[in-house]
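Working notes for the structure below.
Read from first to last, the chains carry the letters A, B, C, D and E; within each, the first residue is number 1.
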Amino acid sequence: MEKVGTMASIVLKNIDVTFKNKAQTVNAVKNVSLEVEQGDIYGIIGYSGAGKSTLVRVINLLQRPTNGTVIVEDQELTKLKPQELRQVRKKIGMIFQHFNLMKSRTVAGNIAYPLLATGLSKAEINAKVTRLLELVDLSEYRDAYPSQLSGGQKQRVAIARALANDPQVLISDEATSALDPKTTKSILELLKKVNEQLKITIVLITHEMQVVKEICHNVAVMEQGQIIERGPVREVFINPKTALAKDFIETSVNIKKALERIEAKNSEWNSEKRLFLLQFAGEETEDGAISRISKQTGVDISILFADMDELDGITIGYTIIKVSGEKAAIEAAYNSFKAAKIKVETLK
Amino acid sequence: MEKVGTMASIVLKNIDVTFKNKAQTVNAVKNVSLEVEQGDIYGIIGYSGAGKSTLVRVINLLQRPTNGTVIVEDQELTKLKPQELRQVRKKIGMIFQHFNLMKSRTVAGNIAYPLLATGLSKAEINAKVTRLLELVDLSEYRDAYPSQLSGGQKQRVAIARALANDPQVLISDEATSALDPKTTKSILELLKKVNEQLKITIVLITHEMQVVKEICHNVAVMEQGQIIERGPVREVFINPKTALAKDFIETSVNIKKALERIEAKNSEWNSEKRLFLLQFAGEETEDGAISRISKQTGVDISILFADMDELDGITIGYTIIKVSGEKAAIEAAYNSFKAAKIKVETLK
Amino acid sequence: MKTEFIDAIYQTIYMTVVSALFAGILGLLTGVALVITQEGGLAEDKLLYNILDKVVNLLRSVPFIILLAVISPLTVFLVGTSVGTTAALVPLVFGIFPFYARQIQAALLTVDAGVIEAAESMDSSNLEIIFRVYLREGLTEIIRTSTITVISLIGLTTMAGAIGSGGLGDVAISIGYARYENDITLAATLVILIMVFVVQIVGDLLVKLTERG
Amino acid sequence: MKTEFIDAIYQTIYMTVVSALFAGILGLLTGVALVITQEGGLAEDKLLYNILDKVVNLLRSVPFIILLAVISPLTVFLVGTSVGTTAALVPLVFGIFPFYARQIQAALLTVDAGVIEAAESMDSSNLEIIFRVYLREGLTEIIRTSTITVISLIGLTTMAGAIGSGGLGDVAISIGYARYENDITLAATLVILIMVFVVQIVGDLLVKLTERG
Amino acid sequence: NSSKKSAESATITVGSMNTDYQVWKHIAESKEAKKLGLKIKVKSITDGVQLNNATAQGSVDVNAFQSWSYLETYNKQHKKTKLAALGTTYYEPMGLYSNKYKKVAEIPDGATIAIANNPSQAARGLLLLQKAGLITLKKNFDSATGTTSDINANPKNLKFKEIDDTTGPRVLKSVDAVIISNSVAFDGGLNVLKDSIYHETISKNTKDNINVLATAAKNKDNKAYQKLVKLFHSKAIQAYVNKKFSGTKVEVKKPVSYLED
């Protein structure tokens, strides 16, 4: 057996998952290989039905793959005996898309569940549960039952439960999708914190690009059961290779929408009134390219749409600007943007 | 009985909802009054557990209020007999937070369900289901069962089902929260379309400000069972009155985060290097205020963060800029922004 | 002996099938009524619920042999005689349907409340909800439960020998058991066993066919 | 007569409680084993499942009166005699536990698969999942089902008179019914009815107490 | 050959149980029945109360299973729907059996004796025990409905266990002695004359235990039904009964009036 480098926390090799029904055969995951390094936060994005949930369920073997090898923390799960498998699973926390809370246990009882088998004393479990409840801001719901909770509250319980056992790997299947922005933010910060402080490896499915931007280091894009693109978040954002990744990024910043609107409103474009799409990806923005170029070339620049943010230390973003001035000045401005390493595209 | 104006599609008056348990009493909704006009798209936002789901469930009396009056399409539901209530419910479509699909029916069967009681022929039902399936992009899953669907696919089925009966009022409880951006977009467009073309009144719970911005005309902000702020989306966005609304907007555009980052990186601020927060709300942005003022006053402007978009016909947004130049020039720039009706705040 | 045995098989099948049919209808009706009239049910009705609940318990309290006697005027009224295979149908139905009603009640209570709610929001009438949601969504459970009930019913037919029902149970008891003809007991029990297995297998198969996760 | 009647009440309670206890344990074990060894279960085991499934069906196939006879060597071995109230316990346990096992099986199958999966992902051993998830999450259903079973068991005790079990059923049948003393039949049936109601009320109460939506 | 006759005489439904059912099954198919032009259908009904009810109500025409005393008990409780005896059939002695002891005298102090849980069998059993010298009964002991509470003296402190009388042979190993009626004992492979440690003899005292054919009171004079009595006592049938039951069913051919005094 090939020895796996110690850096990789999760290694999936040539994973296939096939669901067989009476009539139909669904290839939910097709020949996917994936390595997630220790301490990484790995995002998985893709449209609904792409196979994301199925893929991550393979990591702790909740879904046995039809084919392929699963190695977590240097142990080949697919070869372990049940007893051993449980030892490894202890290291993997999972937050389910549908919460999967136990309706017969209170919030505290649900969070305490994974601790029951650890040999901790009642008082210790209690203390830990109290801490976790504070963490997810549900202290006052300690004794409520799941049926009495709102959707977001349920999901927070699920998150606390997944963290209870101090996992080394945390798998999160759309853990924040039912949460309001504040809670989302606090949960993401929480995930970031456990990742940084405890070096927990996190695999995270999401459909919110904001989440990917905010906490992931690497990202994989899935389509029809396959990973069609992967890499550091910054690279994928700056230089998406597949149409799907582009689409995701574009929809996440709403450029298309803005474009349609702008085009609908401003109909007369000519050589002295142009529409540019600027794409920033680097230190250039800091230099105030727009104001500098406007001053240098004398053109007037209106910002019609802007979405700029920092990603992994580098500011990236899109801006749609209306540039008015003499034809030559506009051309000069175009070239100046280019020279400043800003991708510029003449839309009109 | 007080006669209700024909313009209001939904009128809730002094609604209270109290859940009584053995030990606890939860006031999930407290004295809420709400009017939603015919053809409106009304957003409801608020943190998890605020009472949003409970409130909208009152609209079709799935949740009988402890106190208060519910009037939908000019009929006081709280006074109707079951038979009459059903007639009104026919006009109200509902998309549930937890889908609530029937596991014993196929996708097509679930969507056809509300049509079974309408007297349509099999062929007509079939045709309608086919159209709805196309609408939510699930044609190939026609004969699948809910257990074979991914989370997002389930939600799309729920949406199609809610639309099947050509409702006059559509209630959507986080209908897009489990969806990827593309599907979210297409669903929102769909909602917008049915709203515009069929004049369907829509009440929509969401925690994504993006959704509110994109399709709502009015928005209500809930906290601890009460509506603490309400009004046209633009007004609430431009001029949030409550801390919660501000918080929502800020978290939605990520200013706080950007600020922290910027402050962490650029430490030396002085009279010749200032940090401004610009808040646009109006036609001003179109005039290219940044480039114009930069040219006029000679300052260099770097855009460190920008989030600008159109809302209900008016461009609004936040921009954080670094302004460098002579002290006087910076002061001039500050005043120019003010003169251009841009809210400007010196951060550093 | 051989034709008697074959007759007995036929009688057991006849009693099981016919009384299952009637008890099935009665039990379904009662079980559904219990679910929808209970507190928080679709058509909450304390009085009706209490009456049904008590009647079901009452019928379940009467020892079968006494039920046979108590019910015999009704049996005569319905089938014209108080003894024989057909006469056994009446006490069998009354002996098993209350049990089935409870089972149906338990089965329907497993249907997701959210789905019932969704149906309510889609302006379904109570009748529609019963047929299109409760009975359909609960189908797998109903089948499981019906399997248990039919097997119990087969057991019950073996006790109707007291009124001359005939059937395998009667053969096993009044010939095999009473005369110590172990072969006959064994043979009759075996045939009952086969019937039980067939019911179980068919039940399991239907469960598999209708189960949707 | 009065003390006999009180004895009979005591005997019925004794038979019901003791055999419920043993049948409860056996039935729970068997029901749980059926669920976890079935296809896709926690500890899938085709062979064991098939054996259990068949044994349960076998025991359910044997008419009770024959079970009384067939099992009597075991009864003698276990309690030293094949007649009397205590001797009735053995056939009662074997008469009811297979039924209870099926009920438990059905009850546990209503536990959400997602929750089982969550427990698996939290490194719970099968034993932990059985006790902390299946039996706990299924508790409400188990109680509902146990209520049905105990009531069936009370019914079954009325049939153990054949081996001198005593108890209310025996009084109702061998004194009230056979000697045409209708008052006694009525009184005995009434007491049985009260017992059934008590069981049902306690069951319903426990269901309410444990139900969590 | 007899088809012409059977057109006028309808089928007679005879309800019976245990060994009597076997006997009547045989009778129904016998040449003798055909000769008499009787078409008989035999039904096995294993519960005496039900069988009598069904007879009174008309679902069964004639029944053959009970003793005179059993019939009397029934009639006492059912004044409106009385049954009448058509005639006597046979007498079979009840016996006391034991696996452990060979003689009545051996039965020890505190022994457990199983008796039937139905009234006429129980009373009959107690009378047998009295006769065997094991107990004494109250003066006014009712030979049809007497119970253990009517025991006057029980010098050996015997304990009684009431069981379904058909389980008698099965509980032999569990108790010290069992009183078993003959048809049950016979089915269980026991010959009362040889295997019992004590048994009844025919006398005036036991005439209550003579078996009868019974029908609803209003059919008492039905000619066809009365033919059944004659049929039962025909030579061929008696030969069959004697052979089949090893002489344990002793023919009793008396008028009904013999029972009634």
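Methods note: contacts are C-beta pairs under 8 Å (C-beta built on N, C-alpha and C of every residue); 3 or more make two chains touch, one makes a residue touch a chain.
Treat the numbers as computed from the prediction; the structure is a model and nothing was measured.
Chemist: What is the touch distance from chain B to chain D, in steps?
Modeler: Tracing touching chains, the least step count from chain B to chain D comes to 2.
Chemist: Hop distance check: chain B to chain C, minimum number of steps through touching chains?
Modeler: The fewest touching-chain steps linking chain B to chain C number 1.
Chemist: Ranking chain pairs by contacts, what comes out on top?
Modeler: Ranked by contacting C-beta pairs, first place goes to A-B.
Chemist: Please identify which chain has its centre, taken as the mean of its CA atoms, farthest from the centre of chain B.
Modeler: E
Chemist: So the centre of each chain is just the mean of its C-alpha atoms; given that, what is the distance between chain C and chain E in Å?
Modeler: 36
Chemist: Just how far, in Å, is the C-alpha centre of chain E from the one of chain A?
Modeler: 88
Chemist: Just give me the whole-number Å value for how far the CA centre of chain A lies from that of chain C.
Modeler: It comes to 55 Å between the two C-alpha centres.
Chemist: From the C-alpha centre of chain C to that of chain D, how far is it in Å?
Modeler: 18
Chemist: Which chain D residues sit where two or more other chains touch them?
Modeler: Answer for chain D, listing residues that touch two or more other chains: 69, 177, 213.
Chemist: Hunt down the residues of chain E that sit against at least two other chains at once, touch-wise.
Modeler: Those would be 49, 166.
Chemist: Going by the touch rule set out above, which residues of chain A reach two or more other chains?
Modeler: Residue numbers touching two or more other chains: 98, 148.
Chemist: If I apply the definition of touch given earlier, which pairs of chains qualify?
Modeler: Every pair of chains meeting the touch criterion: A-B, A-D, B-C, C-D, C-E, D-E.
Chemist: Quick one: in the complex, what on chain A touches chain B?
Modeler: Within the complex, chain A contacts chain B at residues 19, 21, 23-24, 26, 45-50, 52-53, 97-98, 143-144, 148-153, 156, 174, 177-185, 207-210, 214, 247-248, 251-252, 254, 257-258, 261, 285-292, 294-295, 298-310, 315, 317, 319, 321-322, 324.
Chemist: Within their complex, state which residues of chain D touch chain A.
Modeler: Within the complex, chain D contacts chain A at residues 112, 114-115, 117-126, 128, 132-133, 136-137, 139-140, 210, 212-213.
Chemist: Note which residues of chain B are touching chain C in the complex, please.
Modeler: Of all residues in chain B, those touching chain C are 60, 62, 82, 86-87, 89-90, 92-94, 96, 98, 100-105, 113-114, 116-117, 145-148, 161, 165.
Chemist: Going by the contact rule at the top, pick out the chain D residues touching chain E in the complex.
Modeler: 68-69, 72, 76, 81-84, 87, 161-164, 166, 170, 174, 177-180
Chemist: Would you tell me which residues of chain C are touching chain D in their complex?
Modeler: The contact residues of chain C facing chain D are 53-54, 57-58, 60-66, 69, 99, 102-103, 106, 109-110, 113, 141, 144-145, 148, 151-152, 154-155, 158-159, 169, 172-173, 176-177, 185, 189, 192-193, 195-197, 200, 213.
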